[in-house]
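Just dropping this structure here.
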Amino acid sequence: MRIGTVVGNIWATRKEEGLQGLKLLIIQPKNVDGQFSNEQIVAADRIGAGVGDEVILTMGSAAVRSFSTTTICPIDAIVVGIIDGTDEVRGEHSEGSDRHD
Amino acid sequence: MRIGTVVGNIWATRKEEGLQGLKLLIIQPKNVDGQFSNEQIVAADRIGAGVGDEVILTMGSAAVRSFSTTTICPIDAIVVGIIDGTDEVRGEHSEGSDRHD
Amino acid sequence: MRIGTVVGNIWATRKEEGLQGLKLLIIQPKNVDGQFSNEQIVAADRIGAGVGDEVILTMGSAAVRSFSTTTICPIDAIVVGIIDGTDEVRGEHSEGSDRHD
Amino acid sequence: MRIGTVVGNIWATRKEEGLQGLKLLIIQPKNVDGQFSNEQIVAADRIGAGVGDEVILTMGSAAVRSFSTTTICPIDAIVVGIIDGTDEVRGEHSEGSDRHD
Amino acid sequence: MRIGTVVGNIWATRKEEGLQGLKLLIIQPKNVDGQFSNEQIVAADRIGAGVGDEVILTMGSAAVRSFSTTTICPIDAIVVGIIDGTDEVRGEHSEGSDRHD
């Protein structure tokens, strides 16, 4: 999954029928050290994420199948979690230490 | 999904049979701040997008399955929406504010 | 889908059984303005594309499933069309004009 | 698959139901020569990887299907192995020598 | 598919059960003109590729499904062929000439 920040909403009146009723958010992915990626990803959300939230983004067909078992939505990214916190130790790897099994 | 602008049509006479009758558009994806990406993506369209339209693009196999339930089209990208508007607040994230649940 | 130019053939004697009898081409994808991408993609072809042809390339599992309904070929890219022409208007978007619905 | 180093844990209280009970790790992928990639990937783990471990990462829908046969988890990356060692010879290729069939 | 060179073996004792018994190789993909990409990909191999071999690499879920019909292996890349030769003509495209239909 990717980590990103919700930067806005997006609306489309003319759309594929399978997109009806879905809330779509614009997400700006974050690279290491909190830098924003140059990309922007549109993702469906049903857990109530809003602008400014840091979220976990799942992409691809498995995500879509999990989203609805009755229909196949024409989407390729969904918000799966709103991040509470992380404990990252980046850039160097202290082998064997600080394990969380 | 990705955001992009329709920059043209594309035609192919010799093609896979599953592509027959599909309208194909060339899309130039947009990165943050409205800058165009260096890529070009060919996508199938059945919602009537045209040159100059800003569109939402769904990629991958889930998109394809949603496009047709009777046959498997040999495509990997479809136009799913013509964008009416967005309310992006980029580059900085104002945590907890401006929520749209 | 991606746009690319066929730059060569590729042969492999020792291979996965599911690759038997497939014609494989090396494709160099094209970015905007006709610039070649730095990548090279190997794709299966059964529509008769040859060196120098500009082609449309479909990638991923949906493409593969459309290629054969009886067996699952271990491939991730196929040539789906030989391009006749395009009418691209790149880099700027003239909203609302020149629609082809 | 990709090679990466576990750099931290990540928590989300508000999340898709299918994510319940999954342990999520932040992975920093490694490019050649041990350089870290600029990306960060969130992956599900059930083999007990911890911060500092070098791991093998599988991405995409096949990985997800292997993770659970009863439900479809909304994930797109899993940790599949904790690396014991490698014997890489990079940058040059000594054809025909040092075969491990 | 991608073209790459096998640069080493990789071992993992603690791993997902579905990885048991699979031989894993580290592949360095090649871009145009034989330049190596900055990435490294771990792929399953059952056709006997070894260090120094130039190989064709298939990625994604279709590849995985072709690898085993009885179980779903948690892998996303497999070696599908050991390259015998290519006849690439890169960088320029001589339209209509040198066809191999």
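Labels A, B, C, D and E are assigned to the chains in the order they are written; within every chain, residues are numbered from 1.
Throughout what follows, contacts are C-beta pairs under 8 Å (C-beta built on N, C-alpha and C of every residue); 3 or more make two chains touch, one makes a residue touch a chain.
This structure is a prediction, so every number in the text was calculated from the model and none was measured.
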item: Shared interface numbering between subunit B and subunit A [over half = same, under half = different]; value: different
item: Intercentroid distance (Cα basis), subunit D paired with subunit A, Å; value: 18
item: Junction residues of subunit E - those touching two or more other chains; value: 48, 60-61, 63, 65
item: Ring order of chains, beginning at subunit A and proceeding to subunit D; value: A, D, E, C, B
item: Partner subunit B, residues of subunit C touching it in the complex; value: 1-3, 30-32, 35, 46-49, 56, 58-63, 65-67, 69, 78, 80-91, 93-101
item: Complex contact set, residues of subunit D against subunit A; value: 5-16, 18-19, 24, 26, 28, 36, 38-43, 48, 50-54, 60-61, 63-65, 71-77
